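So the structure is just underneath, and the comments pick up after that.
As written, the chain order gives the labels A, B, C, D and E, with residue 1 at the start of each chain.
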Amino acid sequence: MAHADEREIEEPPPDEDSELEAHLQTKRMMINLGPSHPAMHGTVRMKVELEGETIVHADLEIGFLHRGFQKSCENVTWNQCLPYTDRLNYVSAIMNNLGFLKAVEKLVGLEIPERAQYIRVAASELHRMHDHLTCVGAIGLELGGFSAFLYAIEGRELIMDRVSELTGARLTTTFGRVGGLNRDLPDGWVDRVYRTLDKIHELLGEVDGLLTNNRIFVDRMRGTGVITAQDALDFGFTGPCLRANGINYDVRKASPYWVYDRMNFDVPIGENGDNYDRYLMRMEELKQSEAIVRQSLKEAPPGPIIVDDWRIALPPKAEVYGTIEGVIAHFKLVMEGVPVPPGEVYDCTEAANGELGWYLVSDGSGRPYKVHVRAPGFAILSGVPRMIEGKMLADLIPTFDTINMIGGEVEQ
Amino acid sequence: MSLRALSLVQEKYPDAFVEQYTDRTGGAWGVLKAESLRPVLAHVKDDPQLDFKLFLSIDAVDRLQLPDNDPRFEVVYFLYSVTHHEHLRLKVRVGEATPEVPSVTSIFQGANWWERFVWDFYGIRFSGHPDLRRILMYEEFEGHPLRKDYPLRERQPLIPERPIRDIFRGPGTSGTA
Amino acid sequence: MSESDRKKPSGDAQPSPPGAPTVHPAAGTGPTPTNPPPSPTASGPRAGIEHQPPAAKPPIPPPTPGGKPTPKHPGFVTVTVDGKELVAKPGENMIDAVKKVGSDIPYYCYHHRLSIAANCRMCLVEVSNSPKLVPACQTPMAEGMVIHTNSPRVQEMQRAVMEFLLLNHPVDCAICDQAGECKLEDYYQRHDYRSSRLEGEKLMRAKRKVLGPTVVLDQERCVQCTRCVRFMAEVAREPQLGMFGRGSAEYIDTFPGKQLDSNYSGNTVDICPVGALLNRDFRFRARSWFLSAAPSVCTGCSRGCSTFVDFMGQDMYRYRPRENEQINKSWMCDQGRLSYKYVNQHRVAAVMLGRGEDRREATVPEALRSVAEQFKALAGTEGLAVLASPVASNEDLLATLSFARDALGVRSVFVSGRPGGAGDHYLMTPDKNPNRRGLEWIARGLDLALKPFSELAQAINSGKVKALYAIGGEVPVDPSLVAQGFARLEYLVLQASNESAITAQAQVLLPAAVHVEDEGTFTNLDGITQRFRRAYPPRADVKPHWAWAVALAREFGFPWAHASARDVFREWGPRVAELASFDWDGAAPPVKIARGLNPLPTAADGRPPGYREFGPPRDRGI
Amino acid sequence: MKALEVIIAIGVILGAIFGLSALAYALGGWIEAGFPFFGHRLVESGLPGWAWVSNMLILVLGFVMLIATFLTLAERKWSAMIQDRIGPNRATIDLPGLRGRPLGGVFHVATDALKMLTKEDFRPKVADALLFNLGPILAFAPVLALFAVVPVGPQVTVFGQRVGLQVANPDFGMLWVFAIASLAVYGTSLAGWASNNKFALLGGVRASSQMISYEVALGLGLVGVMMAFSSVRLPELIQGQTTHLWGGTVELPRLGAVNLGIPAWGLFLQPVGFIVFFAAAFAETKRAPFDVPEGESEIIGYFVEYSGMKFGLFMISEFAEVVILAAITTAIFLGGWNIGFGFDSTLTRALTQANLGWLLGAIYATVFWIKALLLCYLQLAIRWTFPRFRYDQIQSLGWKILLPIALANIFITGALILVDPSLRSLAVLGFVEIGFVLALTLRRPEPAGHEADDAHLPADAHGHAPPPLPGAAAASHH
Amino acid sequence: MAYKATKNPTTDLRERLFLPELLRGLAITTRHFLRNLFNPRDTNVHVVDRKGPNLVSTVSYPEEKTPYPPGYRGLHRLVPRDDGKPRCVACYMCATICPAQCIYIEAGEYETTDPSSESRVIEKYPTQFVIDELRCIVCGLCVDACPKDAIRMDTGLHTPSEYNRSGFVWDIPKLLQGPAVSHASDPWNKRASSATPPHQHHEPHTRIGEGLVPLKLPTGEQQKRTEVTDQAIPVTRFLKD
């Protein structure tokens, strides 16, 4: 273990400046935060070396939630991967579902029906709000402002209701299929979404009133968890965490997919790269997402929701029940999966926490040969030691909150 | 997508690429020689014409079951340029016997964890990595699970597993449980 | 690529559809390499059987104008298939030939071992010398012919044929055993994939008509390709099936009052491209896509037909014939087909010590210690005899007999084995032991004399033999009689795979693996040695014979460290003259294991994987 | 219906307080007047003032502990209401009439107590046994002792004896509060150290440093009031606050002369002092936003290793501190039992004439507790509204903000008192300060900056003014 | 068109003074407190995004329940035919697509002599159909994959709790519940007599649980059976087809 030795040599020799300090020897305190600790979202273990309350060195240990995502996906058909993608970022599962499907569709060379694109946009943005509300609420919670948390969670709960009406499940949505969607919008759903958005708007105002200008909150957030733009790029920050550094990179704008180019929205950017800016990014994006949901639902055209190609999409049920053609196509698709032609693709969407990249390799069979997920949280989490070393122990809390680490996607 | 970048790199380092591809999805990528990986990555990061400063990720592909599987592993680097809005995909191929690739942690700090990831799951070493430990699997784990020849059913529990007996009663439980 | 290879449960024999399925042509389908071709080809990694020799590229002779074209390559026929030049032997079938250049012509009725019927019309192709589309199976290739297997006309025709074939096909995939290995499914998805345009009613005909002991017929599903009729007439030479009726009322059936009771009737199920003929033994027991296949050898008789073993988890479901020009062509007999059952049933599962009331389960070291203790005392004396079964593989015999010679000091070996039976006119032989020739060779190679079983009985009765080391539990006479004889033995060490009357008499019963659970070789009665592959690992303490021999030898103090059948063959194979030149690795069938659809791991709570959670498969059927 | 329930609940609470106060007065009067002592009555034996015994029992064990106990319920119920939840509503007693009626979750208090008492009393093997056990006691005992000097009701004549609701009225008055409050730090720091747990140690260190830091501000915040009323004894402070700053006597029919003036409550005279004292005392209670010693999402706190009733002592001492802080603040800044605005004189006159001293005292005590309960609510609301300070920010708040403000306040107050002993100019300054803060609070915040910058964007891009949608407009909320 | 959303509240006196913003926060929470204190809780769980005077959206679970939306993925059921047997023909599609491998099926064959005319048509039925509800991840792919409309997740129930794991292994007697479903394309509808109903090919475009053909109902015998089923599980829990 040569590298371990090198590290020990790199450590600075003990400070022998003054005689006084020689007598007043202080030892650094090593404490373990996690894997089961209220501040460690999911199960992350952080070995922290403290000098007083100042973090001298932090070492993150992840993997407690590892489920073998890639290996699992390599052994099921493309559509069967969807439940696995649910469990990556389980707070915005739809975005994972649809992001994965988008990559597969790109590999196949499919263009999905327009209505499906609109619904995908609306569902994604709803779940972006879901994710951001959770994050904002969690910031409140872990900084002690419990009411703000519950107001945000109330909004999140409403989105969950809408999502369960849309997808059939609150959390693990398994929404969408290669080539489109597995179900259309339920009756009256659009109106309920509008009402939900109204309510969330009101709740957000309250969260905003409780937190944004509160000096206690501002003091906790501003100037803590700072990362420079250079470092942020280096570590691979994307999404709100990168934009908080003033770097304008949003996949929805940089390479618009689905119908995002028809959506009227803006990308908020920050400048300081601290916790406060990251918090503001999420608050602003909530408003932007709300606008996108409204717009996409308003403009969604009628029409089919999945491609009419029985090699890709399951035939309509009546055809399956009644005709041999339908049942054959159905069987072939279930048995062998979508025949994705051999090749590889890298494709990305803007998930709630940043660029959700998929690197897919197909060998031409119905199952993926390789599914690499570039989870935004993984890169961001790897930058956390940089953000908190030299800061106080308590700064760890808002930092962990604002990066919105989701164990499921980081640990695959 | 990143053909421009590939050709720019080609200009600067004529010998760097083993192969270049474009595929039907519109993606383009290049396979680099292992020794030119670090210079090329440093170049694409710093050259203002390229400016691939955003480090996305690293992963590997075990090509064991693909028709063309020599060398066996392919380490893939994903970069993005926030100024030119381009993705860049670079690959390095490495054989099975001594899977070792130069580390790029000194160029991109974010590579640290991803390289640990690749080491963990594919057993590809990164020479010059400051702290090449497993990242998601536990230290006691043997083997590299994403290799295609790692058996899917292999189990390496740290705590001995206790079989759960009552499930073996089989179906028909709606009567007597 | 043979017919039987095609019918594999996984998708390995079915190349994925050409090009990318797309509804948006502008998106582009094929990869565009700037340099070399990008990653994997369509055939995929699991298409290992398919071998595509590169087309020969001799120098191009100058073209001759007018008249009958001069052969471009003298002695060969040169045609152009989909823009690629193909050099074929005269008389070669077009369907087989075009595969060499990567073209694929679909067909139902064609079979390379049967006569040409050309009645399914699926193989229609466009050729330069005919205004109409011609059936590829029937059309001889002419010099300079230009063949299009994939032109729009051909595609439209394939669609039309598929539509016709499906017109009267019942909506039966859900209950049809053929689903997953059905050519209708494959070709529909590849060539048609349109919805039904049928407005009227489908024809209704006899379903589930039992044709004989092996085969059940569903006349609705039949596409009238007559492969089965031709097989029974031409290969089995027992014409028991016929086509009856005319036009849309045409159907397959047995002749009135007759049954399909040939010993080769099972092959009609194999060659049936749809689910019309189904095997009654396999019926409804498993879905084909769950089954994994491993190349193996039938152990039903000394013919040693090459087979595929279809298995799921640690259970075997069926044999399918594997193409082997030397032995069984593409066929196997029904008796052999059913001979797999001993692999699943009445297996010896644990090491047992003691006889009668003292019998108890024991650990492996305990049993080995006990054997070593007893045998060491008797080693080299007349009182210790060795009984070897010709059902064991060559590797098993090599290791066990070497152990018997070196450690037990015997000079001769008694031969057990299954009792003889009937043979037939084609493949089945009277000797039901798959490896008698191998046993003979090995005994000779190891300087051991072979003695018949009857002498052992005498020796036991006379009290000459007190202890017996038996490899394999099969005996040529009634097992209960043998068991009575064995009861007189003071010490019986038996390595057996299946429970029988004899295993009850063993003081030490060591559970032995069967051939599907290990690698190895058999030598059939013609002296052809065949490798077989392991399908799945044995359960619990079950070990191959050679492994028991090695373990016992170590207990005796021999430094044997053979870890696989391969090691065993490397060590002792060269001592047997006939096996010395056998290329053990090279003779391995190319496909290791064709995976079933769901090889997912066990659950976190340690339960076995999904489908066979509740015990071994049951015997069902009509 | 709900309003009725609320009114009934409030009535029950007030009735209980009133009854308990009346009981305290009656008992005190009876002890003074009729309690046999050395064969004589107290008055006759020359040992008056023994009513403190009953006061101690009823005030400290009755009022403080009961209110603190019910605050555990209130904390959950009120926070639930703040956060749009229901709160405790499950525990019921299987008795006729109570069956299936959770009564707003009031029985949860009992179940909590039962839980605390019956939980395993766990002690880590590596902990220091003596100090570990001592911790909760040292944290709890001083808190109760604090209440000794707080007067809950005025001195009235009961059974012919002058009785007040105060355990002790020493000359040093408020200094007792400062002295005892600083003792509680031993409990927490011992608990943190003795647990032999790094998290607990961090919590203990944080707690002790925080409590010691805020001692200073705590004292200085009160200096202004003490100067204004020239006393450190709480009854005198309250008495001082009953005076009127402005306003004249109005002769009303049947009620006689009524002074409709603005009372000289400490809050009006010393808003800055109030804030400083309240913040500092809040920090002493170690409740959010000053709960870094606990810091549930960071280090879990000095009592991380405690369970059962030992943990319960820490918890209940926290709530007792809440009550006591509310009581002291009421006494010093909200005029104690003083109702103000002319009611006092009328009421006193009427009831004194009717010789219903106990009634007068009980009414005043109820008023006192109403004020204290409002302050309790304030503390709870603060706890559920604000985020937590950071450890160093607490220190800088104490040393860099509260301390200078308190000092400045003292100098200004001193100067103003010197100039105008009638306290009116001090009150004017106080009103100006209060008005300034309220004005800032009520002013609408400016719209966020970006909207002005990006005026060219359509309005609905920001989601604030979405176009009227058929669904949204038609949506009725039953 | 990115815009700077960052701001610096430390330049604002209100923020610097602590008090104004704290008071505003207190006002928000106190407003909630008072609103919830004086207004009765609306137990109408249908309208969860209410904006009325009382905001409490908590559902007191066992007493109040939120209705499952149509299409919600609940506990599985095996859909019965009109004659009470499962529609399932043991085609293993659900077992194939189940990512959790929680479905175990064993197929059986109706006797050729089975008096029921339907069995003549169907031949195959599940002798075992077992779902390990502990393994199930409720992804709903099995419902998608069923070519016979034989498995649905429209019960609106969750798996009830059990004391041992085997209780979570649901087999046919437990799974077979809910109203019977019949389609015109079902083989017994086509083959029951020589006068076969016309084959309906282009039934309306259906996805899971929608647009199904109305129940083919019922003779007196079947009516009785349906009622029994309804008693066991209130029909309201099932979604309208």
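Just a few scattered comments:
Criterion: a residue touches a chain if its C-beta (ideal position, glycine included) is under 8 Å from a C-beta of that chain, and two chains touch if they have at least 3 such contacts.
Worth saying up front: this structure is predicted, and the values here are computed from it rather than measured.
Path length between chain B and chain D in the chain contact graph, taken as the least number of steps between touching chains: 2. With centres computed as the average of Cα coordinates, no chain lies farther from chain C than D. For the criterion of most C-beta pairs in contact, the winning chain pair is A-E. Put simply, the chain nearest the middle, going by average C-alpha positions, is A. Our note on geometry: chain B versus chain C, Cα centroid distance of 39 Å, whole angstroms. Between chain A and chain E the centroid-to-centroid distance comes to 28 Å (mean Cα coordinates, whole Å). Rounded to whole angstrom units, the spacing between the C-alpha centres of chain C and chain E is 44. Touching of two or more other chains is recorded for residues 20, 27-29, 31, 38-41, 43-46, 171, 173-174, 179, 196, 198, 289, 597, 599-600, 605, 609, 613-614 of chain C. Residue positions of chain B touching 2 or more other chains, listed in rising order: 23-24, 65-66, 152, 164, 167, 170-171. Counting partner chains per residue, chain E has residues 1, 3-5, 7, 14, 17, 21-22, 24-25, 28-29, 32, 50-51, 55, 57, 93, 96, 104, 128, 130, 147-148, 165, 185, 199, 201 touching two or more of them. Partner chain D is touched in their complex by these residues of chain A: 29, 31, 38-39, 53, 140-148, 150-151, 154, 190-192, 194-195, 197-198, 201, 210-211, 213-214, 216-217, 219-220, 264-266, 268, 284, 287-291, 294-295, 298, 392-397. Residues 72, 76-77, 79-80, 82-84, 86, 147, 154, 157-158, 161, 164-165, 168-169, 172, 174, 177, 182-184, 186, 192, 195-196, 198-199, 202, 206, 209-210, 212-216, 218, 222, 243-244, 246, 248, 250, 253, 266-272, 276-277, 280-281, 283-284, 314, 316-323, 327, 330-331, 334-335 of chain A are the ones that touch chain E when the two sit in their complex. Note for the complex: chain D touches chain E at residues 1-3, 6, 78, 81-86, 89, 275, 378, 381-382, 384-386, 437-438, 440-441, 443, 445, 448-450, 453-454, 457, 477-478.
Interface residues of chain A facing chain B in the complex, by the touch rule stated above, are 3-4, 6-7, 62-63, 66, 68, 70-71, 75, 106-107, 109, 230-231, 233-236, 238, 242, 247-249, 254-255, 343-348, 355, 357, 359, 361, 363, 369-370, 372, 374, 378-379, 381-383, 386, 411-412.
The touching residues of chain E, counted against chain C in their complex, run 89-93, 95-96, 98, 101-109, 112, 120-124, 128, 130, 135, 147-148, 165, 185, 187, 190-191, 196, 198-199, 201.
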